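Alright, structures below, take your time with them.
What follows is subunit A paired twice: with subunit B in the first complex and subunit C in the second.
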Partner chain A sequence: MSRAGIRRTYGAISGTVLAFIVLPLVVIVWVSFFANRILAFPAHGYTLDWYARALDTDAFRDGFITSVQTALFATAASLALGVPASLGLVRGRFPGRDAVQALLLAPMVVPGIVGGAALFIAFIEVEALLDIQVAGTIGGLLVAHTLIALPWTIRLVSASLASADRAIEEAAASLGAGPLTVLRRVTLPAIRPAIVAAALFSFVISFIDLEKSIFLVGPGRTTLQIALVNYLEWNLDGTVAAVATVQILIVGAALLVSDRYARLAQAF
Partner chain B sequence: MATLAHPEVLAPDFAPRSRPRIPRVIGGVLPGTLLVVIALLGPLALMFRYSFNRFVPGELMVEGFTLANYAKFLHDAFYRDVLLTTLWVAALSTLICLALGFPVAYALVRQVGSRWKSRLLILIILPLLMGNAVRTAAWMVILGDKGLLAALVSAVGLTPPRLMYTPTAVVIGLVSVTLPFMIVTLQSVIERIDPVLEEAAESLGAGHLTILRRVVLPLALPGLLAGTMLCFILSMNAYATPVLIGGPQFHMMAPEVYQQVAKAMNWPFGAALAFVLMTVTLVLTTTANVLVQRRYRRWSE
Partner chain C sequence: MSTTVALRSLIKRYGGFTAVDDITLDVPEGQLVALLGPSGCGKTTTLRMVGGFVETDAGSILIGGRDVTRLPPAKRNIGFGFQSYALFPHMSVAQNVAFGLEMRRLPRAEIASRVARALDRVRLSAMSDRLPKQLSGGQQQRVSLARALVIEPSVLLLDEPLSNLDAQLRGEMKLEIRQIQKAMGITTIFVTHDQDEALSIADRIVVMRAGRIEQDGSPEAVFGAPRSRFVAEFMGVTNLLPGTVEGPGLFRLADGNAIRVPGAVAGRGTTVLAIRPERVRISFPGADTEPDMLDAEIEAATYRGLSVEYRLRTTSGLCLTARRATPATGGPVMLEPGARVHVAVPPDACHFVPVEL
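Presenting the complex of A and B:
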């Protein structure tokens, strides 16, 4: 095969595969404007009614609010825990460092359903022991979401710290800056882009989580993803597509912004 | 650097009393580690212990030390089938990912400029982060009886195949979740292969397929392995796709774990299922890793 032929073959395969990857995204946005009562092709005209309907659906509205609150908390908590942890992992030299690093990244490796099941069982045991409510409360959800956001924060921030020039920190210290001043005036500004990217990424990871949350939501306290899955079990109409479109816009915006600060592909 | 480390030489007036030091940062790992221990390791250990308890309907769980839950898994044909289904669905989606992911990753590295490459990578990653619920809903709209695919097939005058609630649909759904991971992993490995090697092989008369087989694949093997394992693990543990696209008659392991732990409240058996799933996944990926690495060493000699 000629060079041009090889190029064309790769182009054709890649184009098809990319279309396959993007297809679900495009289709769900498209059908959110269909006037059909049940989602089906072809369209019987177009409408914006499903967006109004989505706003009127309590499960989606409340789920959205719970998801945003949870994701904001998980973002703040994963930064509060993840940035110091990354500093310790990258700048510190101590026995068992590799083990600690593996442990901190473990929430990414343990399957969501298995980790969720284990947390659910543990929460119920704690409830029985201390006579308080945990599973099905916002508290349990916040713990779980912080846990899943943490490894992503550590990966992004550690990568940035490892490539930051240490000589500048040493120079600042040698010129008389105290440890906290070095941290505040030199180290943190150097890794700020990674921190912004980690914050946005943590938000997205928490917002779209399904597997862990499914064990931890209770009556009246449902995240958006669980509300969507519950709705999908019985209905397939434009409401779901409208909610999905809004979610795609939010996640897409967060990703585009965070890509300006850190190469997204790096996080995977 | 040696002088900078001794500030009294450089700026004696401003020299701090103690030796200049980068902040003590080791303590920073403690809070995060504590969270992982309390919210992941502890619960996993507890669940492992519970997998040896007995389940008595009505009383929930009775303390004990029995292998009955694991034995039940082995002897019950239903659960054996669930594991087999999970295995072949995961293996098939992983193979498809490998076959589709490699050409895309290769083209991204060798045939696309860096500006377009990063744009295309965002395009590949974005659907990954639209969430399992939304993506699954989209596949329901595409593959359903009155979906996009059926409409297109009928438009050309053929009878559309029934896809919804079939294993085929589940594999399609799974591939769309795992393919981006495969492409990103492969792309980062192929990026590190020097194109000069391929040019040398070409100038010596090797065809493109020979170059791929003899030069690129051996060098990309660590990435191929990492991507394959990632896809396999993700598929083995899939939840939303088998539940919503596979329908009530289609069973995979992760949904069964949820069913037993959260719905049937049979914690000992649910826990046993979870650990069977993790062990099988771990054993298979480790074995594959060892076998391929051995082969790799022979290749590189």
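Presenting the complex of A and C:
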């Protein structure tokens, strides 16, 4: 095949894949403006009513607030744990380092639903042991979401640390900076893009989680994803599409911003 | 300020491999010493031990008489120039240079004036607000130099500071480093694997080999009187001819030919005669005759601009290289392979080094 031919084929394949990914999103956004009573083609006119309905629905409003709070907490916690952990993993020399690294990244390769079930069982065990409630509490949810975000933070920050020039840390030390000053003035600023990306990505990954949360939410403590699933059980109207559209906007914006700081591809 | 550096029996091992093997070196105040040697001989490791970035396994390091062997880099008051420059990417040129002064908690005004002076010294005042990535390699090198020197370190340690620059810039920077080093009178250890660089910048050259010091002396001594076959080869001596001193002043080559070497004393057994290629003289048969001429044929010729390098084989089978200045005017620039010539070695170009086991 000629060079141009290869390029055209390549372009066609990429275009098809992209269409498969983007098309459902476009359709959801589109139907969220349909005036139809249930989700169906073709449109019988257009309206913004579904957005107003979504706002008026307690489950969605509360779910949104819970999701945002949970995601913010998970972001903060995964940075607080993930950045020091990455420093230890990349800079440290200790026996079993590779094993610890693999363990910390493990949640990425376990199917979400399995991880969720495992967490649920673990929480029940803790409850039995300590006689406190964990599953179904906000505490349990926060712990779970921190665990969801942590591997991504470690992955992004470690990759950035590993590729950072160690000589700049040595330069700072030779100029009179102690270890903490080196960390604060040189190491952390050098990996700042990765930290920003990790924060945004942690937020997103927590915000969109369904599989793990489904085991762990309790009455009145529902994330937006769960609220959607619950709603879908009995209804199939434009509210769902409107909520989904809002989510797409939030997640899309976060990913766009984080991609500007660090190529997400680095994490894989 | 500037002061002496002393290394006492320094040893560094990586696993079973000894990277630095019993290095002892005294650098007097204000001297620029070049650590010279091939890749992997332990130059960087030695320098990094002095800087405090690599722990020593044995031996000690004294700076100004004070034992710093166990001190962290921050407490050694050294200026370190990294091969990659290692500028802080998120700080401007001025902030980079100010860093060491901030660590010393100097008043703001003094920091500003010292940074300005340091940048002025490396002719970068106009660039003080730029980020490192907005500078050329040579400019980054000068920032790293200014940053290392502004703290008025006791010692300046430079690891191949010129290796990332192009030939012309390397020449300029070499002069600049030397000039600043002399002006400040700062004791300096300069790591390089380039013999020309070492010869032209250093007060003294320490040739290293496999973690040990092979020769330690002035540039003239190391160049003119290499102590071993290894140093001779490293300094560009291409003719290393084994043989024996047969009688007073007479060296018998392995192939049976003899070369007159005044002052040579018989009875040393097998030794190696070292002759720099540019000291080997080539003349045409029938032209001026000299004593001790050998008949040879040109096997190969390589044009090098200012000179032409010839590989010669004598009728008795001896292989020699000669370097001949390119004639300024008239005459052929290069002699063609196959040409028959006379080869002569001036007696004062001969130098003996021991045979290595």
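As a convention for this text, the second predicted complex is superposed on the first by the 256 of 268 C-alpha atoms of A that agree within 3 Å, B and C clash if a C-alpha of one lies under 4 Å from a C-alpha of the other, contacts with A are read in each partner's own complex, and residues count from 1 in each chain.
The rule is simple: contacts are C-beta pairs under 8 Å (C-beta built on N, C-alpha and C of every residue); 3 or more make two chains touch, one makes a residue touch a chain.
The structure displayed is predicted, hence computed values, not measured ones.
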item	value
Which superposed partner A:Ile168 touches (first subunit B, second subunit C, both, neither)	second
Partner chain(s) touched by A:Asp259 [first = subunit B, second = subunit C, both, neither]	first
First, second, both or neither for A:Ala190, with subunit B first and subunit C second	second
Dominant contact partner of subunit A by residue count, subunit C or subunit B	B
Which superposed partner A:Ala4 touches (first subunit B, second subunit C, both, neither)	neither
Which of subunit B and subunit C A:Val17 touches, first, second, both or neither	first
Touched partner set for A:Ala128, first subunit B, second subunit C, both or neither	neither
Partner chain in contact with A:Val31 - subunit B first, subunit C second, else both or neither	first
Which superposed partner A:Pro111 touches (first subunit B, second subunit C, both, neither)	first
Contact residues common to both interfaces of subunit A (with subunit B and with subunit C)	167, 170-171, 173-176, 178
Residues of subunit B touching subunit A in the complex	1, 4-7, 10-11, 14-16, 20-33, 35-37, 39-44, 46-47, 50, 100-101, 103-104, 106-108, 111, 118, 120-127, 129-142, 144, 146-148, 150-151, 176, 179-181, 184-185, 187-188, 207-208, 233, 236-237, 239-240, 243-244, 254-255, 257-258, 261-262, 267, 270-271, 274, 277-278
Sites on subunit A touched by subunit C in the complex	165, 167-168, 170-178, 181, 185-186, 189-190, 192
Touching residues (chain side subunit C, partner subunit A) in the complex	51-53, 72-74, 76-80, 82, 84, 86-90, 99-100, 103-104, 144, 147-148, 151
Residues of subunit A touching subunit B in the complex	1, 6-7, 10-11, 13-14, 17-18, 20-25, 27-28, 31, 38-42, 80-89, 91-92, 94, 100, 103-104, 106-107, 110-122, 125, 143-144, 146-147, 150, 154, 166-167, 169-171, 173-176, 178-180, 182-183, 187, 204-205, 207-208, 210-211, 214-215, 225, 228-229, 232-233, 236, 240-241, 244, 247-248, 251-252, 255-256, 259, 263-265, 268
